[in-house]
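Would you mind keeping the following structure in view while I ask a few things?
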Amino acid sequence: MDVGFIGMGRMGRGMAARLAGAGHRVRAWNRSPEAAHGIPGVTPVASAAEAFSGDAAITMLADDAALEATLVAGGLLDAPGRPRLHLGMSTVSVALARQLAAVHERAGVRYVSAPVFGRPDAAAAGALHIVAAGPDAAVEAAAPLFDAMGARTWRFGEAPERANAVKLAGNFMIVAAVEAMGEGSALVEGHGVAAADFLDLMTSTIFAAPVYKNYGGAIAASRFEPPGFGLRLGAKDVRLVLQAAEAAGVPMPAASVLRDGLIEAIAHGDGEKDLAALSRVSARRSGRG
Amino acid sequence: MDVGFIGMGRMGRGMAARLAGAGHRVRAWNRSPEAAHGIPGVTPVASAAEAFSGDAAITMLADDAALEATLVAGGLLDAPGRPRLHLGMSTVSVALARQLAAVHERAGVRYVSAPVFGRPDAAAAGALHIVAAGPDAAVEAAAPLFDAMGARTWRFGEAPERANAVKLAGNFMIVAAVEAMGEGSALVEGHGVAAADFLDLMTSTIFAAPVYKNYGGAIAASRFEPPGFGLRLGAKDVRLVLQAAEAAGVPMPAASVLRDGLIEAIAHGDGEKDLAALSRVSARRSGRG
Amino acid sequence: MDVGFIGMGRMGRGMAARLAGAGHRVRAWNRSPEAAHGIPGVTPVASAAEAFSGDAAITMLADDAALEATLVAGGLLDAPGRPRLHLGMSTVSVALARQLAAVHERAGVRYVSAPVFGRPDAAAAGALHIVAAGPDAAVEAAAPLFDAMGARTWRFGEAPERANAVKLAGNFMIVAAVEAMGEGSALVEGHGVAAADFLDLMTSTIFAAPVYKNYGGAIAASRFEPPGFGLRLGAKDVRLVLQAAEAAGVPMPAASVLRDGLIEAIAHGDGEKDLAALSRVSARRSGRG
Amino acid sequence: MDVGFIGMGRMGRGMAARLAGAGHRVRAWNRSPEAAHGIPGVTPVASAAEAFSGDAAITMLADDAALEATLVAGGLLDAPGRPRLHLGMSTVSVALARQLAAVHERAGVRYVSAPVFGRPDAAAAGALHIVAAGPDAAVEAAAPLFDAMGARTWRFGEAPERANAVKLAGNFMIVAAVEAMGEGSALVEGHGVAAADFLDLMTSTIFAAPVYKNYGGAIAASRFEPPGFGLRLGAKDVRLVLQAAEAAGVPMPAASVLRDGLIEAIAHGDGEKDLAALSRVSARRSGRG
């Protein structure tokens, strides 16, 4: 397929490379142009409009503001060369996804929300888990692209924003796991046990899952840089979680705890560190660290 | 070895059978005597004192009160037949473990705290993870018994109560995982996604660990009976967590959220259900369920 | 002075009447025009632009959206008849107040943020407490108007948004007081004491302040309609509190508790009741009510 | 009446002096004997048993442990000279009050729980608010004593522990008010407003009640020593609140927030300061202070 890709961050570069490797023709654009160069098989283009065209366009941007600025304020949906299909793979709000669904319908562009679980290494390996929601025909049309980028596509019906709700709920669970390891570690340290020993036990046995191994290992080693998933991005996602929850009438007290911890972490200078640095809040509150 | 075992609940029965199967001579006592019968290779005895004797005694009781009533109030530590070694495998408070360590020292009985991770099926299969702390020589003396009961023994130093801190921190993480699944499910349901679909994705991918698969499956199926791990026991453990945390000067806001949720679950009649029923609190608060 | 007043809700009507009673010439506009009629000494006008003129204009609208729709989207700041001075008395976000300060500066209109504490009866009696921030000269120019509407004007410096931060922090304290009475009442009721008896003691002695007497009386009598201060408005204010807190890097765990309680109250149908109905959440969670 | 008074702390000394001033014969005992000397009209005695006698005995001790150690472990209830009536005025747990009610009944001593609201200056002035529960005849028999010590006696029925539930719920509300002022102050400070200015407004107007004026003034002035009501005592009371709530099946999320804040304050060395120092937690979490 002829694919345009907007957003060549660490995730986007890997995904675009996978598409090219699978034989698709890929044009790529990034706000800072240099990031769109040097990806095997991927052709940089000079404007977002040139990328938002072809059989399908994919957006993978940092947040609501970036997506709105590029897509909506940039007028891409009204451009004559607009694609037939748009896969929105950024982690954005449920509200924006709902709004985009309406805007795309008016523009005659089929819209699929398809945020992903997986980190840059999974993107580069085509091992993402893709959370897709949108009209069935559109999701099926996107299947060759999803197959090139992901280990599996998980479908959540025809309303695009449902994929975003699932993605946000998953990110909430990730941050909650980090908080649980942080509080648990503070507890055992308060009783003389090294956090690393405790986390080794937990993440080797009943919590032997990628999220726990990854963040647990970072907490155990106090290894917070470079960030795999930045703490400030985690705070942004929890904010979107709480907004989506309020809109749906869902109290989320654990999410509120995460929010407060993340704000505290940022206030103490850890916003650019890895999300695992959230554990330092628990340590500091108990007079350590 | 010649082993006395006190507490033939669902965990204790499996553990005692494993010991007998490994060639140890096992005498067993239970408050309701019938539970000590019918375990292959295990000899029921008529009193706790008869069981608290031999090369080693093991206690596996429901809570602090049961352990204190049997061991301390029952005067077992002063009985002439008392064993050389006592393995306290119940999930009890850090404070009680610390107190028991002192009491045993005075009585000349070596004490190892050795609570476990694993459910009755793991106990029956000898697949427990044993969290042991106590004097090195005592832990080493217990090794043949631990090997018969567990997949692995994790050592946490010479102060027995540290094992209890680790066990409680682990149980906190379990309840936190259930809460996270409950809140996440309420969020996606608020946006029209079936909780089961969301949980299937999560527990098959980045959260593919036993705790998530077990409780996530129960939540997805609304299968809360019979209880694997009873909600009221979870509430007891969170109470012990908060006490241990306060004693060590460790704030645990997520644990406080769990506490409130568990109290609410019990107030609504779910105390005897599985811990997974904690998820019903999130549903109810959002006007569903 | 020649004053235009936009927003004839229950607060605005009382305030406009006070201004007229003090000898000012008052023109008033309201989106639903009938609300601008029948106020002694106040002249209804047919458009917001007619009201946004004269020596000073006052806005007293429901929320950010209403103020933005009327003022910014309505283009009032560019209209040739725009006033020299604008007193923004609505309870709006810190972010909007900051933005309005910049927009007014460009338009050459002096802007004072001046939200108020007090309910409709206080507005009608000229007994409001006015929280004012803006350029000194502007605040002083507004003094005759503030004096007609309020018992006292409290000044918070030259940056308008500071008044909004103070107003929001105060509303947070109000909702926190209601939550405290709700949880305290649930506790005593759990031990057989009537909430009304408990609240009578508290609000007659160490908590004998207007907020407690007002909401405590409503809780004691289960009198949640008609709303004095609507629960949904309280939820909106707590949302603005949390946004302002996050922007300033301030964790507010008690505010998060309020947020969750208010969402739960709305999910159970109490959004249009008085804020005092937040207490029903505590009762429901404990299995009563 | 002939009264024995046990516990000559800052509260007890004022209360005993009031009783003597009203013409009662007062014998007083304190663990550190010097505190029982030098109170006008009050006769020190050498043992608790000598004080636990006469027409009525009053206990005013620091906590559950002190009361149990003196009364129960000390065997006072079995002493031949035991009084006809015991007024338990300490702030103790609901559970202990319930237990004491049963123990007194067996001993043939009438028991009234009568904790108080008010600080040492109110005790010295006879201006306490007395929260009394117990058999009607016993409360009426105590009336002359209560009248000498308090501004008013508030009755809560015949079950003594109800008075303790009310007292604890009231102390919860006090700590909640301090937390609200702390979070609110952190919010306004994050936007450039001095906490003192904000608190002056609040405590002069809609929160013009003793609790707010007292603690608000201390927060505004950063005056945390000497303690009026010690932070560690506040933490103890919140612990009793949470225990009483759990026993009654009442979730109290705001109380949990207080718990975590108080633990954090103690972990940072503020346990011996005034409860107002809880506000420093909010400041520290936001990167100030």
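Every chain is named by a letter (A, B, C and D) in the order it is written, and numbering of its residues begins at 1.
The criterion applied here is as follows: a contact is a pair of C-beta atoms (placed from the backbone, for glycine too) under 8 Å apart; a residue touches a chain by one contact, two chains touch by 3 or more.
Only a predicted model underlies this, so the values are computations on that prediction, with no experimental measurement involved.
Summarising the inter-chain layout, the chain whose CA centre lies farthest from the centre of chain A is D. Each chain gets a centre from the mean of its Cα atoms; for chain C and chain D, those two points are 37 Å apart. Once the centre of each chain is set as its mean CA position, chain A and chain D turn out to be 52 Å apart. The set of chain C residues touching two or more other chains comprises 245, 249-253, 257, 260-261, 263-264, 267, 285-287. If you sketch which chains touch which, every chain touches every other chain without exception.
Residues 253, 260, 263-264, 267-269, 285-287 of chain C are the ones that touch chain B when the two sit in their complex. Within the complex formed with chain B, the chain A residues making contact are 94, 117, 129, 131, 154, 156-157, 159, 161-162, 165-166, 168-170, 172-174, 176-177, 179-181, 183-188, 190-193, 197-198, 201-202, 205-212, 241, 244-245, 247-255, 257, 260-261, 282, 285-287.
Taken together, the chain B residues at the contact with chain D in this complex read 239, 242, 245-246, 249-253, 256-257, 259-261, 263-264, 266-267.
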